[in-house]
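Both complexes shown next keep chain A, but they swap its partner, so chain B is in the first and chain C is in the second.
== the complex of A and B ==
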């Protein structure tokens, strides 16, 4: 449970057109029909005693503490399960009710340890509060009678413990697991006095299906389910609302503190992206922020074979600036650049691109969105006119059919995944397009895909075209929408193109491997079931035709009129916390903030006047171009903030070669990450807990990041960039990130109305936020598209097979993905207890392919592509189809990117991570690369050790 | 075919045959118990997956109903009535005797696997209280002595 600072209305809010007026304790109150008496009372400040009710879950009526009397009605109904009715007269407190409530509390307490003073929930316990509220003074039952006081604790979960002796069997945890999280890992075992909470089949939490989201811990009214951090340190004393730094859902949290120590993260009920829910990463995996591996002193070295030398900030910054200037003098202005990260705040990203454009004097700035959602930026800008998703997350609750393409929301975007599952349990239809059987297909209780289009990796465009073909040839088009909202000439061209028999599902089947009948049925379902929403992820973008698929998705949504209102739309699920924001902030080499091309004279003049400098009109280098140029000897200096290119980028041996070729690599990060092992200057970064700023999530929601502790190394990241800019000779004088946001707002039309003051007032804002939409824009393109003529643009999407084809040498296709407990390169989550769930990356392989190769589960297998070879343990699974193998990429030693190739999206260079032809064979030892890398890594850690101990 | 494999295939067969009925879980559990004598723990993942339920949900239902067993029953199950009429006629004393005689508690099976003991709440034989049922045979006016002789006789037979 959380500090009782957020009001609990007892039961969820109801939406209704009819309002009902009633009288509670003599006060008139009006509430929407369907509201519980308990909630209506709470609305006017009358808190009816309760134990089994909380407003995140449906009422249950089991504890009977909330009984009330209703004039003219018999008995004492529970106020949580009694809906309001017109003219009702309710009494919530009288002698009789008090008597009943005391009796109930007496029974509860008769089987509860009376150790309040030493209990971890002391002062933060609803049972204790209720004992006080009902005036419990004595317990007449024999304490030696039958009880549960000796029940054994379950300490299996690393983050929370379950103490059944303190459990009152209110079922709030069971219901939270079902309703809020949708995992159904808990139940009540037995009945009557023997009832007890049971994970799985009466087993330990860690052995059950529990995903450790913590919803049960938050729902628990006592100390039965309690964070171990609270047990260890005691209850927090103050809290600050901030935004999670993991995935693109951007959950709002209350960071509950004790002095400057973070005790626990509790999802914020008013958070508009998460509504009080969280996942295992956001709620529990924050230990990395104070991990002993954090580097908190700047370091420099001449060569990457030298030991690191700890220095002061001034020396480090001056050294970095002098090296960058030296390189520019020697190799030319364009020989240096910077890379920002989707993990940084908007303000930090903005400053890095400003430093590069204004301070370095070129446009060599890029961001890790290059390797994830750059095709989204391109495809949606071309078709809809804006590089962003069209909806807010809540929109999914109005969808009738949901199509998930190349995304795995329950692992990658768990809190949104839970919301989607909630809608699916209410009856929305589901189409999954994925080569692999993700949990949504049939491994989530009460959720099952109506169609799983299990396509071959790399054939997305053929499949999307086939869906479009069915929509057009079976006349499932929304003619009115197309006529009114879209460029009709472009549509006419597309209609002829897509109607061609070569796009028919029967033709596509040979390419995609998906039965034509399923494609036809799925297309009909999407086009005709009412509100159709598409959610997609990196399974769409990270392909040689990533941008084409994004465009194809946009075409499909326009053709069926599934845009511009709630429940529909095209929604990229962003991988990291600030992918949307880092793109918005102009960190691509060709675009200023707000997606305006650097060659656009008016925009450039605007920035030139404000920044007081002449700006380059030609786009700069993209990340892969930087690597190529480095290997060629023309790109020699790089400033990398918060990104680990030496692990996350494809064809990693090429990346490592490029990094070794550079003369000055400056890494700003929390840890000596893989890239820092190739660096000459290390500038300690600050975690999201140590700085102010904003993140923009996948629904364009700008949310506040608030400083809850001092930066361990002394500076917030934006301050470090500012120091470097000043040392480079380009003055920056911000004293607070709010001033950076003011500058962004001043120079970017879609952000014109954004300010810290407004974010504080509203909690968060979805851009565009300007004069027309002062409170932001939950649904985009409601009346017209953001393109210059206001019309949506259909574009032709010819399928071109990737060059990454299977051959006799490489007969299998490797594709990659994420897992719930780990996050991207793992630099954060590997330094938390989350390794208890996933301690290594494994290669999923179909039983047929495994049998052909004599591989059994757990065997070490070599995975070889034209780029390189690595070794992982095999996991035999029918989730993948024959011919396809799959792995996650959270551990550097796994070397997933040793295998991936340099093939990339035609429009944006986004790497084709999702399709790599490989051969897999049984081996007995690590690959050559792994051995070399392990030696290199060990050597670098020794150089760190030498430097930090002898400095 | 090993025993586990045949058990699993029985579970699958029953589950697949009934899964499309509304409220299929209870009929499935009944049929499995009828076929196997109990509901083995490793059948729960199969039932859960076929019905799109979690293991916890299936376990919750099984543990709620005392009739469902999670362990194999003895060769013969003794259902001893604990309802009001039998209690009035001294079934509590009989209960103590039965437990002592068999050295097991309710829901347990004798180590030799011959007898399981389960409570039952009324066999509809109140006029002959206290009563019990073993297999298809019902016994009325059971005393400590008559219980012993029934058991001894049945033990000798089994």
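== the complex of A and C ==
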């Protein structure tokens, strides 16, 4: 193993149809037109000295260290800013160039601390490398002269420090912040000798707009910007490429290690989803993996009022299996089930559903996509024939108009958000459909939405229909696409339906609150601007009509021909790392892997033959159905891997009641999460650093998860599921997750060509990957849709108002969302320094609504719905419209889901998290629920303490 | 399971498919959705309820439920 650092070509790659041939130091080189001389040279192994250039950002030409001589040309141009030209003859090394470079380095070093041996970048410093490369041997300038050696360090960021004494003002950090991240938090302040890197307006990093993505640290050639983990532990000695376990972007990272200690996560330049970029979570927030709260010994107890008892693996597994068998004997085969999670790998999820279907003998398996993107699965399967987004992330760089519906990419999917911002800065148009003013609307530098359709929560379908109405009635249809690619009878039906005046923007305005003129203009823009791409998130799916909106979006894309090529498409932004994968792996109760219904005889027989067992042909219970059945006494045992239903699911008091009603709850997790407080068996899980497997991101990209340290509790998660299956009497004998993937490929047509060997070779693969597409499929439905007849299906999408309406008692609508620094239920990020950015959930309320209630910023406010009441601190904000309040749900004590109701999507039971009628009032103490839950939580931690203490 | 919940869920399914002007097709779609998405014990309960009186179930939903086999 070695660190095997990635090569820096100095300037970005260029794409061009024309190739240019030139000569560098006597060697012939061919490169695409527009390539820099520096990059062309690097391509044949000639590394021209450089400081201000790096291949993640555009060349700048400021350090002049990369000067070269060109035959027939005057002077010494910088090779980073000089493009290759046909027949050019370049000299990169001669006496004159060496003299100039040495002179430049001497100037740099004259104002640099000469503490290389004790410097955190020792051995990993480009300045040091360049001093060596140019042969610098002496500094003739007076060391006592004016310098920056005493400049004060900025230690405000928890993850990296800024030491201006080591800064060479190359601007790489400033440019990375602009070009890569798009935040523009950094600038060079002052002129000449006084020039210095400045976050914001001479602020500390933490007080500036900095989002701590790490792009500046990555770009810095010296120790000026340095990870604190490297300062503390020293430079890493080996690295393994793996995949981030946070959001659905699925960034590729190099886990840089020292022995079995993870020193830093560095975004991988060859990562196809992130191209060397990262966010504050993936880059820095990995401390949870070795947090003291990790539970690494299995535990059991008879009742949730008993202390936990630490036991060996065998005893825990046998106890769990015997309880599940006892329950089945007593209450019937269908009285138990399993829940897997989008945080699990594909292989783990596959095994959990196999355990349930083959080992438990029923189809009671579900995954947390139930509460986020199940409507995507349903809606896109019905219309396009496959439950997935249609594009790769890079496709956005070819979009002319981008419509973002109910998503907040700069917070929820930050690395893709940065890519989207880059395209928007290049001039693509932007339509935002959201009740709240997300950053893209006008809070991102040099990005502004052309239209912000600020609709009332719960009226998505009315708005999408109005957009469709304009497309049809103003004849903005792509008739050729529809005729060739879609089911024309269904289209004809839809055309009559959507043309009805009740769907006109002028009619919809009363429902949505969005001015009709804006809707018309937005529809025209989307339909006529060229490549129109739709990106959407949970603001679409988590509604009583979530599936209807997904279908409406699909209709809109088909009607305008915005499918089947780069730059267009329908793109669900998946919340967690493996939402797409966990759905693909057959973790829904009605579908086998590859989205094939359990009632399909051919598919079932395929699995029966391979698994050597008779399988159930009826759909199983979904998560909310499991809770209802538990409360009814017909569902009594549950195996939950990697999911925290007791915090993340709606109407939490109902969930807690269901969990208390069950006789055996088995939780497999890193921590004693909220669900584990209701559990009888705790099986320690392994973090993404401790196991092998794959994750599939929002663009269907299957990427490797690689083990960089031993599982703290001894087993990888898939091994634990295997132990449980064997104890249940269903044999599983995998010795490596690659064998599980081989089985998936054998049984799933869209995965037929996938193997670990191919993933290792290609880096990652976008499914479908089969005989026709052996290297995967970046753009789906290019020639025909994946429905049986190959045609896209238009469906009718009548708007039906949600039953969750405001009343005199509950006059405000609560909607929920996410924040950049925290992730989902927060179990991971709350156990990192990310709390420095977000230490509590707050309730955003419009100044008018606050004033009506005598609420000022920071007040404790009670939020009450028909489900329950909780208390948060108020944040007065005009980002929400009057009548709407908003909160995040990253902290269990916030109890956001005490308020949310059991209302759900008609097709999939995905909860309506986004619309809850509430009343808000000033209070002085926590709610009754919060007090009770705090007591319960305290008691459970004591029971944990008692158990582990005695052991 | 709480029958009120099942009624509400079934009616919501009905509201989507009932947009189809072909009412026979709408009933067929509702039936198929219940068949493909609902676990048997949920279907049994709604069938029993529908056979008893079916109060609160929308008309096309009733027709669809009665087409389901136990």
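Note that the second predicted complex is superposed on the first by the 947 of 951 C-alpha atoms of A that agree within 3 Å, B and C clash if a C-alpha of one lies under 4 Å from a C-alpha of the other, contacts with A are read in each partner's own complex, and residues count from 1 in each chain.
Note that contacts are C-beta pairs under 8 Å (C-beta built on N, C-alpha and C of every residue); 3 or more make two chains touch, one makes a residue touch a chain.
Quantities reported herein were computed from a predicted structural model and do not represent experimental measurements.
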item	value
Comparing the two partners chain B and chain C, which touches a greater set of residues in chain A	C
Which superposed partner A:187 touches (first chain B, second chain C, both, neither)	first
Touching partner for A:199 - first (chain B), second (chain C), both, neither	first
Touching partner for A:209 - first (chain B), second (chain C), both, neither	first
Chain B versus chain C as contact partner of A:619, first or second or both or neither	second
First (chain B), second (chain C), both or neither touched by A:628	second
Contacts of A:81 with chain B and chain C, given as first, second, both or neither	neither
Chain B versus chain C as contact partner of A:548, first or second or both or neither	second
On chain A, the residue positions that both chain B and chain C contact, one per complex	none
Residues of chain B defined as touching chain A within the complex	41, 44, 48-49, 52-57, 59-60, 63-64
Partner chain B, residues of chain A touching it in the complex	183-191, 198-202, 208-209, 442-443, 445-448
Footprint of chain A on chain C - complex, ascending	1-2, 5, 8-9, 12-13, 15-16, 18-21, 33, 35-42
For the chain A and chain C complex, residues of the former touching the latter	334, 363-364, 493, 497, 544-545, 547-548, 589-590, 597, 599, 618-622, 625, 628-629, 632, 634, 796-798, 800, 803, 902, 904, 906-909
